[in-house]
Amino acid sequence: MYFGSDNQTGASPQVLNAIIEANNAVTDAYGEDQWTQQACAKISEIFECDADVFLVNTGTAANSLALACMVDPWSSIICHGQAHIINDELTAPEFFTHGARLIGLDTQEAQLSAQSLSSYLSQGAAHPPHNAEPKALSITQASESGMVYSVEQVTELAKVAHQHGLTVHMDGARFTNALVNQKCTPAELTWKAGVDVLCLGATKNGALAAEAVVFFNKDLAKSFVARRKRSGHLLSKGRLYGAQICGWLENDHWIELAAHANQQASKLAAGIEAAQSTRLVWPTMANEVFAILPNQTIEKLRTAGAVLYEWIPGFLPRDLAIEKDESVVRLVCSFRTQDEEVAQFIEHLS
Amino acid sequence: MYFGSDNQTGASPQVLNAIIEANNAVTDAYGEDQWTQQACAKISEIFECDADVFLVNTGTAANSLALACMVDPWSSIICHGQAHIINDELTAPEFFTHGARLIGLDTQEAQLSAQSLSSYLSQGAAHPPHNAEPKALSITQASESGMVYSVEQVTELAKVAHQHGLTVHMDGARFTNALVNQKCTPAELTWKAGVDVLCLGATKNGALAAEAVVFFNKDLAKSFVARRKRSGHLLSKGRLYGAQICGWLENDHWIELAAHANQQASKLAAGIEAAQSTRLVWPTMANEVFAILPNQTIEKLRTAGAVLYEWIPGFLPRDLAIEKDESVVRLVCSFRTQDEEVAQFIEHLS
Amino acid sequence: MYFGSDNQTGASPQVLNAIIEANNAVTDAYGEDQWTQQACAKISEIFECDADVFLVNTGTAANSLALACMVDPWSSIICHGQAHIINDELTAPEFFTHGARLIGLDTQEAQLSAQSLSSYLSQGAAHPPHNAEPKALSITQASESGMVYSVEQVTELAKVAHQHGLTVHMDGARFTNALVNQKCTPAELTWKAGVDVLCLGATKNGALAAEAVVFFNKDLAKSFVARRKRSGHLLSKGRLYGAQICGWLENDHWIELAAHANQQASKLAAGIEAAQSTRLVWPTMANEVFAILPNQTIEKLRTAGAVLYEWIPGFLPRDLAIEKDESVVRLVCSFRTQDEEVAQFIEHLS
Amino acid sequence: MYFGSDNQTGASPQVLNAIIEANNAVTDAYGEDQWTQQACAKISEIFECDADVFLVNTGTAANSLALACMVDPWSSIICHGQAHIINDELTAPEFFTHGARLIGLDTQEAQLSAQSLSSYLSQGAAHPPHNAEPKALSITQASESGMVYSVEQVTELAKVAHQHGLTVHMDGARFTNALVNQKCTPAELTWKAGVDVLCLGATKNGALAAEAVVFFNKDLAKSFVARRKRSGHLLSKGRLYGAQICGWLENDHWIELAAHANQQASKLAAGIEAAQSTRLVWPTMANEVFAILPNQTIEKLRTAGAVLYEWIPGFLPRDLAIEKDESVVRLVCSFRTQDEEVAQFIEHLS
């Protein structure tokens, strides 16, 4: 019963095979290899547009490099108060941007709302050069609460951002999970909805270490190559990333992987809702389930070998009613989550 | 009727004279001159301790240099949500600290409370190396709402901070105004209450451009000299700052200047409370008055030549009741504010 | 006999008077005051062009802010190996540019030659993104060896720089001394010769603390205002710099001050050349004299109260013949250097 | 005939197998996995000491993170003028150190000499806070000219460095090649000779992307974990690096790989020396050969499919005699270089 994180499995067999196959050739270094080229071309094809695409090893690098291309060092970046970039990347965005500031809104809501964004951006003109001006909006898809921004929500947020002169970044560490949930095209959930730059995460969804930074707004990409090299993220044997992405995208493998994870999460959620003593905090839309469980149940589960995390109190809805003998846990399903694990978990709830 | 800012007068005659007198000599450069030496020694004397003292030209430089000495680039700094460092210094703290993060608390309260600080710092251990760890607390004395932290409040805040491993910075742009209000010694309001580093502002209180960074905690001062030089803040003709501080401190001149400003603010506040259609937002403790005035009155005052600013709505108490035809204004008194200006202002209120 | 530095006197009486006169008014803060406005306009007028002009307090701040506007963080900046920016500013250019690299050429020559520059820039195309690309040339006028680049030299250096896509910065800490020497117009020695940005120093030549950054190439100035604020260099009582520059420029005062200093240096140089046991290292063109003196003479001079510095061996011509009992000294004259000081010095040489 | 670079092959079969084997398990993320733990322990064992070891993906990241731990932002770092860190990492060291300066010595010599280092460090005390103080020495082993510093040379360089208060960094991108050449123990060539921090490169010698930063001087390692996370170099599925290093070190595989590459280079060198019209620039000590070839021969080789690079003129000995119809080329052998390739190359020389 492993529901700790989607970071703790290896690669899917198809992705691993792609690495193995790419290993033999002698090829150009520093991303000039055929796999990197092909991976980038494939992403443009899938997103139905001519994007500038770059590969790196971690989500933190992808997000921070993207944001550094989007703002000045004296700008601010608006995000949700639970965003990974503001909570889990140890001021990496500040490092890469040379000191831009992150502003987290709606921390106790499950998602950032267009209204909060609009209200923040309208609160009075910045008084240059004294105040930091917002230059980018970052939204996480699927969000840190496991919820998915619909095409309409993304469109509305991006519209508000663009009206105020901000560009839009999407942290897509779990983008595929969101995509599967929304049943729309990759283009519809990104650039057609107003996203300027997407960090498309493969690592949590079946790769070992591969993330693509996709600039739909190619003007923003100008300094990426320099910033990537300068931060030590230009791999000499670039095929390592290129091959993973190739294997991951081939024959909709990425979609299948995320669909499996979402489905397992969905089954977990149904089990939790059905059980008498447990309930969900937020609807389960992607591969993460947030649930209120009796402490006794948690203990029982752990004894039985379940891995799961208690969630951060400050990130819960302000008016969430929790009893003293209950706790909030996060359960993450991955492409490898087995039916038996899910069934076993649900069994323990009653 | 000039109540716009305490930044818009020149120096007091005594401070100007000190510059004139220091101008003639040939002396060592780069802060090795006698005035700088004497100013620093005098500050140690006044604060009754052996502090490391450095002079710079602006409050932004003073605050940012001090904070850069106090935290790592991957730390966070806790401050009040209205703090000058987070609102009015265009990510200067981020620049000087190489990307540390500012966290603003209690934005809609007049002051940062020890309880909020404690609650924030206790909300769960940071999960290194993913989360930025708080390393410094910064409090503004007098605060941006014109209120003064008492010795007890400073003591309590510093105690909470120290308990969690933070050091304590005081932005004392209006420290003298706070000191006059509290009727205690400089030592009592700072290091005796737990302040590690004070930025003692002279500019707003009678100097032209001179701020002292006072390290009571001398361990924190190690990198100051390098950081000051490297940011272009080591003046070759250092006497310019040294002489100002000498003139400013001599014979309690700094105290007299602030006492005058506070007194004028106090008279203004009394007039506002006495008038029927006007009232205060917060008690007036230093040289700033925050008041709710009918828009008509504001217009009348402006027509009569009054300079004043409307205050930022986001910084007001959440439950402040303001009528549609009213606005909140900030009135700042300086060492030069004339009795006539105050009287004339009050006259216009009725 | 004070020949230690031009940093160790105060302001000229005319500059001091300008401060005194500006002190009284209530005026707008943050550089919106009339003196700052007038100083900037006057500089445009004197340089016969519509420049973007900004005032700061130190040469280090002026140079670093200017360079940060001119290059990317991953660029290199070419300068003379003796340049102040590479030797005496403690990596301030690196701090302000977020890590651009300084490349010093011709360290053992008195000046940077167009040929060296051309040879360096032609040595093979940079191999992006692996190698830092040169983006700016910085020349010091007058140079650190006390020599002056002629209009022709500046023109040729700027031409080479521009051909390779670099913009041209002039560190004019002693620009007026160079100007007096060249007997040309300010425009001819700067933008007409290809200079994009001039840091016009007043501090060493009669001010207390005032430097102007003059963008002839206004496109480069876009981020200056943000960078100045963010580095703590936007003065609230901006009149302090504005008034100094006004007083300094009025009625060619700046020219007179530098002419005096140059003339005293010239007399010193003549005396050194005339004496039997002493000689010059380089021709004296501005207000600095570099001379080889018998150690015995140096000791005699010091005993008599002379202040002078021994020069850095690594900065001397490779083939300079110095006897064991000789040393190289630097003598700096200022606007305040007295005839008697010069005469007394020369007397001691024989 | 592939002699272009040791970056253009994939991983050795043994290293690839290690990745495959590690792929299946569910394990802790962020470097807490068993492979990473085992890799780090194994390195301590091989180097016969208790070192702090960290894994990253590129040499640029390894070098820059190490140097950032060793110096202040206002320090300088001394290296050879041909060093990879100064020539091929696009100011990455400046980025990670927040602006420290690289000083390249002996550019036209094959190696940095203790005498040059000593002479540079003794040239006169830095004049704080104006001059950047050297805080670290970096040497590349094997060097960029394909030569190897002997234990004696490293010892002497480290001794000079330590005497002047510098710590010693070794860029070991080709450390194993140097080790094989010196026939000593890893400990003898590093910490026993005075090296404080080694960047042990596996990528060029049989891994896909894995470098180990080895702190023999553990005091220097304090901020590494934070810096790595903050620069996006903490891999979630850390096994990717851990497994490579495990496979690479097992049963002296790393030594065999480098021995093969060195041997092939050695054969190439012998062939070049034996041929009439070709000669070596420097002795071949590791896996790189630098040779002077007739342009005609180069063309013939390229026509036959040889991949090789012409070397940078500025990096050649000052007095190297090259005819007009000759060029200098660099030939790199890897663990995969075939006997046939070498034989075919040599055949083309006559």
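List of remarks:
Going in written order, the chains are labelled A, B, C and D, and every chain counts its residues from 1.
Assume a residue touches a chain if its C-beta (ideal position, glycine included) is under 8 Å from a C-beta of that chain, and two chains touch if they have at least 3 such contacts.
The chain lineup, named per UniProt: A, B, C, D = L-threonine aldolase.
In this text, all values refer to a predicted model and were calculated from it rather than measured experimentally.
Under the touch definition stated at the top, subunit C (L-threonine aldolase) and subunit D (L-threonine aldolase) share these contacting partners: A, B.
Taking B-C and A-B together, the pair of chains sharing more C-beta contacts is B-C. One simple way to say how far apart two chains are is to compare their mean CA positions; for subunit B (L-threonine aldolase) and subunit D (L-threonine aldolase) this gives 52 Å. In whole angstrom, the spacing between the mean C-alpha positions of subunit B (L-threonine aldolase) and subunit C (L-threonine aldolase) is 36.
Rounded to whole angstrom, the centroid-to-centroid distance between subunit A (L-threonine aldolase) and subunit B (L-threonine aldolase), based on C-alpha atoms, equals 41 Å. For subunit C (L-threonine aldolase), the set of residues that touch two or more other chains comprises 73-74, 89-91, 95, 98, 129-130, 226, 229-230, 234.
Of all residues in subunit C (L-threonine aldolase), those touching subunit B (L-threonine aldolase) in their complex are 2, 5, 7-11, 16, 19-20, 22-30, 56-62, 64-65, 89-92, 95-96, 203-204, 208-209, 226, 229-237, 239-240, 336.
Subunit B (L-threonine aldolase) meets subunit A (L-threonine aldolase) in the complex at residues 73-76, 87-91, 94-95, 97-102, 123-124, 129-132, 312-314. By the touch rule above, subunit D (L-threonine aldolase) contacts subunit B (L-threonine aldolase) in their complex via residues 72-74, 98, 128-130, 223, 225-230, 234.
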